Structure formats: C-alpha cells, structure tokens
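Naming follows writing order (A, B, C, D, E and F), and every chain is counted from residue 1.
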C-alpha cells in the first residue's frame, strides 16, 4: 500500500518536475533558471499559501483544534532541536550541531505545499489553520539553536562574540519568508472577514495558478538540491545518514503526537511533514549571524540536498501510510 | 588616489555602507549578485533564494589618507562575517 | 461616510499588501522583491490596462464624452504644472520647482489601477476610454516642465546647457511606459475590431490574473515608497506638506472639472485621481535629461514616498466621497 | 486569399505585440524587458507546449501518422543543412556556412508556437505529437553542422582543434531548451496516463495563461529581432537574401513532403513551419563550441533578425495558403 | 597598459559606448545594475523601476596613448549627467 | 599581491573555475551578466536568452608567484573560446 502511495506521488507533476531538475544536473544539461526567477516563485508561493490559509482560518475560526494544534506545533519546533543536537554532538562540534539542529526544528514551506498537493490529489481534507502552524513553527527553533550554543560553548568561544539577542530575535521573527507568510495569512483573514468580494478576484492568482507555479518552482528546487549533493558528500556519511534518519525519527514522533491531538488524517500528515522537514529559508540567514563558526555548507546542504528531496519523493507518501495505519488501526 | 575593493556577503551591505559613510568616503559603487569562494566558504547563486545572501562587491575611489579610517571602521565586520578588502592605485582620468 | 469608504479601501487586498510592504521596511524585515521582478509586474500591468482599455474603447467608439474628456484631461496635465510651479517657487529654486511641477502634472498608472479596483469593489461603472486619457496625460507635463525652466532661468544657467528639444520630445513621447501603455491600447483596439476570438484568449492573462498581480506589485511599491521616506524627511517640511496638500488641491479642481464635464461618478473618480496623482515612471527619466540641476531625490521622493501612498490609502476613497457629495448634491 | 490570411495573422495579438517591440527599437523608445525576464517566458513556453504535447500524445498513442511523421521530420533536419550548406558556400567560408546551415536545419520553438496560435484562430485541428517532432528536430542538425566542418575543412584547420565528439553530442542532446521541452513532454505523457486529475490542475498554468504569455514574449522577441538587424546589414546582402529565400525554399520542400505524408492541413502547416524556421536557442551554444571560427553574429542574426520575423509575420499565413492550395487542389 | 573604470547612469550607456568606439578602444566590458553614491546623488536599485536608471560600470583595457582621446570624447557626457572615470595600471597576464 | 581580472563567456565558467582551483588560487569572485566587445565578437544581453551566454567577470586576488601557474592552466581555454586576462597590483587593506 505504501509502495502504491509512493508511486502515485512520484508520478505527480510536481515530483516529476523535481526529478527533471535533478536529472538535468546529473546529466550536466545547461538547463538553468537564472536568479532571481526562483525568488519570484518562492515569494508567490508564500504569498498564496498564506492568503489561502488566512481565508480558511477566518472560516473555521479559532475554536476546536486550532489552538491546541498550533501550540503543540510550536512546542515541537522547540523540542526537536534538542533531540537533533544530542544526536549531532556524537560527531560534530557545538556550533555545527546547533545550526543543523535549528534547521531541523524549523520547517520547509515547499515540502508543506507539496504535501498539500498530495492530499488534494488523494481528496483528503485538511484545514487552513495548519498554515498558521507552519508560519509559527519557522522561527522558534532559531532561538533554541542559539540557546544551545550559549549553554554548551561558553568556554569554547574564547574571544567571546557577545550574543546580540535583539538582533537575533529580530532576524528570527522578521525574516522575509516568515514575514510574508504571516502577513499574507493576516491579509487573507482580513479580506475574508471584511471584503468577501475580493476573495473571488484573488482566486485566479492565488488559487488556479498555484499548482503550475509549484511545478515550475520544484523544477528549480530539483536543480538546486542536486547541485548541493557534492558538498554533502564532502561532509561525510554521518551527515548523510542523519539527513535521512532524522526526518524518519521526527516523523514517527510527529505521527504519535498527531494521534494524541486527535487530528484528522489530512491535518495529521501536514503536522508530521512539519516535524520531518528542515528549513533552508529562514534558518540559514539567522545561523550565519548567530553562529558564524558553523559551516553553512553543512546546514544548508543537509536540509536542501537530501532531507528535502527525501521528504518530497518518498517521505510524504510514507508518512501518509504511517498516518493511515495508526489512525485506522486505532479507530 | 586609491581604489578599494570590498567583497562580502550582501546581508551586511547596509551595515557596511553605514560604516563607509561614517568614514566619510566621497562615494561608492555597489554591485550585487556576486558569487565566489574564500578561504572558508563557497557562495552559490542559490543562496539568494535561501535568504543566506550572495556577495556584494563595493568599490570606493578615495584618497590614501582615508584608508586607515575605513579600515578601522570595517575590520570588525569583516572579521566576524568574513569578506576581503584590497587596495590598488588609481587616478582620475 | 467617507470614513467608511476609507475603511473599506484600507481593508482591500491591494492596500493591505501595500501596507505589508511599508511595514516590512519600518520593522526592518529583510523581505525584498529583487530587481527586475518589480519591472515584470509593472510591464504586465501597463500591458494589461492598455489592452483592456483598447477593447472597451473599440466598444464605446469615439463619440459622446470621449473626446471632450480626453481633451480636458490633457489640458489639466498642461495647467496643473503651472499651479504647482507657483507654489513650489515659494521655497525652491527654478530647477527643482519645474521638475516637481512636471511630476504632479503627469499621472501615476498604479494609482489609476488601484482606483479602478476600488470602483469595481464598489460596483461603480467606468469607461475604457479613461485609459486613453491616462496614456495621453503622461507626457505633456514634461514639456511644460521644460518650458518653465526655459522661461524662468535663462540668466540662472550661465554655461547655458542648450536645450535639446528633439531629444526631450522624444523622451517624453517614447518613454517605455507611455509607449507600452499606448501601444497595448492600440493593440486592444485592433484586436477587438478585427480578431474578436483572440479577446477571449487574452482574458485569463490580462483579465483574471490582474487583481492578484496588482497586489503583488503593491507589496513591492509599499517597500519602495517606505524606503523613500527618509530622503523626503531630509528634503524638509515644505515638500512634505506639498506632497499631501497638492493632491488635495488638484483633486478639488479635478472634481469641479469632472462635474462640468458631466462625467459619471466612476469616470469622475478616475479623472480626479489622474489630476491628484504624480508621476514616478515617465517624468524622472525625462527630468534627469532636461533639468540635471534638479535633485532627483526631491521629485522622485515626493511623488513616490508620500503622494502615492496618500492617494492609495486615503485619497481614493476621499475623492470618491467628494464626487458622491457633489454629484448627488447636485442631481 | 493569401493576403487575407496574412492580414488576419498580422492583426492577431501575438504579431501585433511583436510589431510593438520592433517599432520600439526603430523609434528608439527606451522600452526594454530586462534580463532574465525573457528567459522566464521562454522557459514557461517550452514547459507548457511540452506538457500539452505530452498530454495529447498520450491520448493519440503512437499509432497512425505519429512514427512516420516524426521520423520524416528528423530526416528533414538532417537533409536541410546539406542543402543550405551548398548554397551558403557560394559566398561564405566552411565554418560560417556550416554554422548557419545547422541553424536552418534546426527549428524555432517560438515560430512553432505562433503557428499553433494561428491554427487555433482559424479553428484548424493539429496533433500533439507534432511537439514531439519539434523536440526531436532541434538537435540533429547540430551534428550535421559539425560533420560538414569535419568533412570540408581538414586542411583549413591547421592547428587542428581536435573535435570533441562527446562534448558536442552532449551539447546537442542536453541543451537546456531541448531538455526542458522533451522532459515536459514526457511529464505530460506520464501525467495523462497515471494522474489524470492533475491534468485539470495544470490547465490554468499551462493552458489558459499561454496565449497572453506568448504575446508578452513576442513583445520581447520583437525588440531582440530589431536590435539584431544592424549586424545583419553589416553581414551583407547575400545573407539578407538567404534569410528570406531559404525559408521559402525549405517551406516549399516541406509542403511537398507533408503532402506525401498525407498530413492534415494543421499538421502540415506545423511541419512546414519546422522546415522553414531556424534555431536561435539550441544551435548557437553548440556552434560556439564546435566551430569557434564561425562568426556568431552571422548565425544568430540571420535566424533571429530576419528569418524569425519573416516567418512570424508573412511566413505562417503564406505557408498556410500553400498548404490549402496544394491539399485542396489535390483532394 | 591601462585599465579605465567608468561608472555612470545606464541611461547614457548607448551614447557612452558610441563615444568609446569613436575613440577606437580595443574592447570594453559592461556591467549593469550597479548602484552607489557620488558627490551629489544616490542611486537606488528601484530607479530601474522608475525609469530613472541605475548605474553601469564599464571597464576598458587599453594603451596609455588612447586615454587622452577617450577623455576628450567622454568628458562632456560625464560633466552634464555626472559619473566618474578612474585609471589604473594593468598588464596582460 | 596581484589582482587578476578575467572576462570570458559564462558558458566556460564552470571549466574556468576548475582550472583556477587546480592552480590553487586562494579564492575568487564571479560576476555574471557582463556584456562587452572584444577584438572579434560583440556580446549582447539577449545572448543569455539564446543560450549563447553573456560574459562572466572573475576577479582573483593572489600572490605574484601564482600567476604563471594560472596562466598555464587557463591559456588554452582563452585561446579556443576568446576572453581576456589582465593583472594589476593590489594589497590587502
């Protein structure tokens, strides 16, 4: 059954275009999507999922599962980095461990979007408030990453770079991606509440166009991810193993927590995907500032070069299988 | 006169320009979207997508005397985040 | 009632995204829409309103109010600069006064677009030929700006830069924005007349997508406008006052003229908005060539940093209120 | 009748926007579509026609005319360069002749797209498998170009640059445009076969948007083509004549072959257009590598500055007229 | 040999290149989208949007002898619109 | 120290960087999207669209001693495809 889900996922346009991008790199085609075009798609996707999430949040209101789910999601983004840190410290120094841990505590919006498309293709319902969880899970792990450095490394940082909390909180909270996602969510909410006629007028842009734009963007993400692989290889087998095993572990925890929260299967999958995915949008910028001692190629390449493709291709259907098994087995 | 070439991450651009202004440079030119490799790091084009930022290349034409002041101002920034600064001779056409 | 209109305007997606952009600058978020992506949206919007205007112009023909309205609009763009110039000369030199005066005589296409969206959200009818007025109001003020310099400054320009009329007329008439707007208008017209089947095929691009693209562009305009504010502050309180008071004055004149022309309320609003808005697309390039003595930060920042946001946020609903009062009071 | 077809073609939005671009250059407007925006549209168009072609190929299957047509198309792309080479050698050296011959053996995707739009506007049916022919006709001519150099120039290349077959085959087959077109075709095919629900979700992006995006891109192509004209003038009247006469000759051959293949009029036009058009996407990059002795301004400018506009404006309707005459005359 | 760095508004690029050609430079390289500050003006990135234009950075490698001719050609343009020109030493690798 | 400026088609960028790495340069900076004219060719902006590629401008700051090794490595590439390489003096700020 899982194999079937994986096959269905692999034969969907977004994943196929992702493959097209990665293969382009492996066969050394000169296909490239020059900067800043990928940024256009990334800004568009954040704006569109934010806006649509806001619309649906206004419909559903803040009752029911909204607050517990979002709260638990934030909690997960605070706890997962500790778990990652402990594992990473087996082989890596404090700085690199903290930076990678922060990336895995945070989320990947594109993985989330792909999971949504997967759910839609399976006609499984999910709620708009999950986007709120997504937006709010992006930053907390950054703070934890910093805390980890501060707690573990006092002596290791001789000419102690004074930690500039203000600057880092600012970076974490007002990072462009987080800001646009949250801002669009609020705009969607306000529009649905006060200006319902406009919702219809936004639909062709934020709704209809979305799937195709996602495919185009994943073509680029395929190229980018594949270009990252060599530097991951240089980073060694421990990190390669980590980039596959950690999402699986986080997903397992996520499934159990989702079950405890009594989420529906759609929301459960999104919750799991947020636990299992790692950030390459908000975290790198913050880590560069906070922990310049960490190698950027480590935390960008693990998240982008391996964990991201893994989640997109096999992770999402696998986690869906886990959700199905646990949820149907129990009910 | 001298020509100063600064290459560093574009994320520090605003701060760098402030430091140059406070050293009272007569002007500067900024070119963004540079990539490269230094002793420690490689900067890829896709880093603009991930928010990590690619490099900025800043050129300053100024009098020799100003160089020390500029150096004092920007050294800490280059030390913390990386980046290079080189000086050549130049004269107005 | 005006407050209500303002509130409705402020809670529409375009204005909300504009706010999102400005706030990003104030809270120092690193959200940015890298060049040349804003240019993509600006070209697209010009192409789309031109094309749609052309379609409707073909439907309506050149009879009725078309010629008088367009003619008066051009007249306004010739007269307003004189009025502005007199006021500006109270504090500024000839060169800066002429350049700013030219900007306020010309129009802002994005303000016009936002006014159209406002009218649509209020279900108020307006005509396609207003776009023709828009296209034709962009350039004349540039010529007036140059005339003002020539008439007032002969002695103040010692090593008299010989005015190159040819070059400047060229710049004024064939500026990329003017050219694209007018060209798309003509193409829309020709298409509607000779190739009606194609109109349908353009609709998803020029029609359906428009509202969302407008929102995306206004997000960027919010960033740009907010970044301009500091240099406006440096320019002093006279210019800040001017950037608010002048649109109000021009709008008042515009309302009266619109009334005299007996325009419907929709067309009247668009007419007023053209009088009240200031150019930051066609005029700066021309002024740089014509009056290099003028400080570009003055004429760009007043138009872009203050008048534009003012019109977008409170101007449009305010002018609508004025139109409603005068037109209903009179009928 | 042909004049009528030409007029109908000229008054369609894509051609009108193409004119708008060329006129902008002639009147020296500063309208420009800054890089990499044209690349966005070019990638989009390749992705979209590839995907749509794949969908239709899945529907039609590989039976009937598919294999003979595609096979003959490839054959044409191998033979046409020989013909061109013989003619070009009258005036040009081996290197330039081979490079230009390769360009004319290959195809122009944008000309193909414009021909499709023309057929749609005339409500003439054509088949998705023609896109497969398009994708497969792009590269073979490159190999022939190289062969021509190798066969004719051994003595003329003293410090014989060893021909690196591997590198050139790689360049020919894995050029970004060819790769994206073929890849999207395969993805379209797989999606239609295994994931029909997704087809609907791609439609707004790959289908509805297409016509407008094509117009926008042709605006840019108009600018680019017109900018190329001066360097074509410098190349002399032989090449100018070649750039008009060769497409006509190739089209005539194409019409006869299409008739022999018994294609329907829609497919016949597309077949003819592929014969008559010249590549400026895949070939230049390959020729630069293979024949650095050839002047790039020759092979880019003939294909882009003259043959492309000629085909877009008068070629397509003219070839349609030829098809109509021959096919109706015979049946 | 010499290296000439010209920085000026991209709106004058076409004219500037014509002037360089008429001085018979052996070649040139153009980089657009530069921003910066000079004695009078600040050039922001958004000026490309407003049609005002950002800066172009043009590099010319040429013989010393050519410099005077270039200077005579381009000085009026730089005087009218602003822009800077600096010369350094350079030699082929 | 020395400053090396390389200008060549961006299609050779990957190969060029490999050659520089194999000469063990301490670092490099890459700026793409340059256009220009050389003794033979004009490179227009639209060449990026046609896949022909515009130019890349690569800067290397390195010790004098390295120059010969770099030259040996990259000369064949520049000879086959064209492109220029110039050296100036430079010193760290």
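We take it that contacts are C-beta pairs under 8 Å (C-beta built on N, C-alpha and C of every residue); 3 or more make two chains touch, one makes a residue touch a chain.
Small disclaimer: the values here were computed from a predicted structure and weren't measured.
Student: To reach chain D from chain A by way of touching chains, what is the minimum number of steps?
Tutor: 1
Student: Of all the other chains, whose mean CA position lies farthest from chain B?
Tutor: Taking each chain's C-alpha mean as its centre, the farthest from chain B is D.
Student: If you average the CA coordinates per chain, which chain's centre is most distant from that of chain F?
Tutor: For chain F, the chain whose C-alpha mean is farthest off is C.
Student: Distance from the CA centroid of chain C to that of chain D, rounded to the nearest Å?
Tutor: Here the centre of chain D sits 41 Å away from the centre of chain C.
Student: Please work out the Cα centroid separation of chain B and chain D, and write it as a whole number of Å.
Tutor: Computed from C-alpha means, the inter-chain centre distance equals 45 Å.
Student: Cα centroid separation between chain A and chain B, in whole Å?
Tutor: 33
Student: Where in chain D do residues touch two or more of the other chains?
Tutor: Residue numbers touching two or more other chains: 30, 34-36, 39-40, 175-176, 204, 208-209, 285.
Student: Give the residues of chain F that touch two or more other chains, as numbers and ranges in rising order.
Tutor: Residues 11, 31, 33, 48, 51, 88-89 of chain F touch two or more partner chains.
Student: What residues on chain A touch chain B, complex-wise?
Tutor: Going by the criterion above, the answer is residues 35-36, 38-39, 42, 161, 175-177, 224, 227, 231, 280-282, 284-285, 288-289, 292, 295-297, 300, 304.
Student: Show which residues of chain F lie in contact with chain E when the two form their complex.
Tutor: 4-5, 7, 31, 33-39, 55, 57, 67, 70-71, 84-89
Student: Would you mind writing out the residues of chain E in touch with chain F in their complex?
Tutor: Those residues of chain E that touch chain F are 1, 3, 26-33, 59, 61, 88-93.
Student: For a test of understanding, state which residues of chain A touch chain D in their complex under the given definition.
Tutor: The touching residues are 8, 11-13, 16-17, 20, 23-24, 27-37, 40, 120-121, 204, 208-209, 211-213, 215-216, 219.
Student: Of all residues in chain A, which touch chain C in the complex?
Tutor: 35-36, 39-40, 43-44, 47, 51, 170, 174-176, 179-180, 183-184, 187, 190-191, 194-195, 197-198, 201-202, 204-206, 208-209, 285
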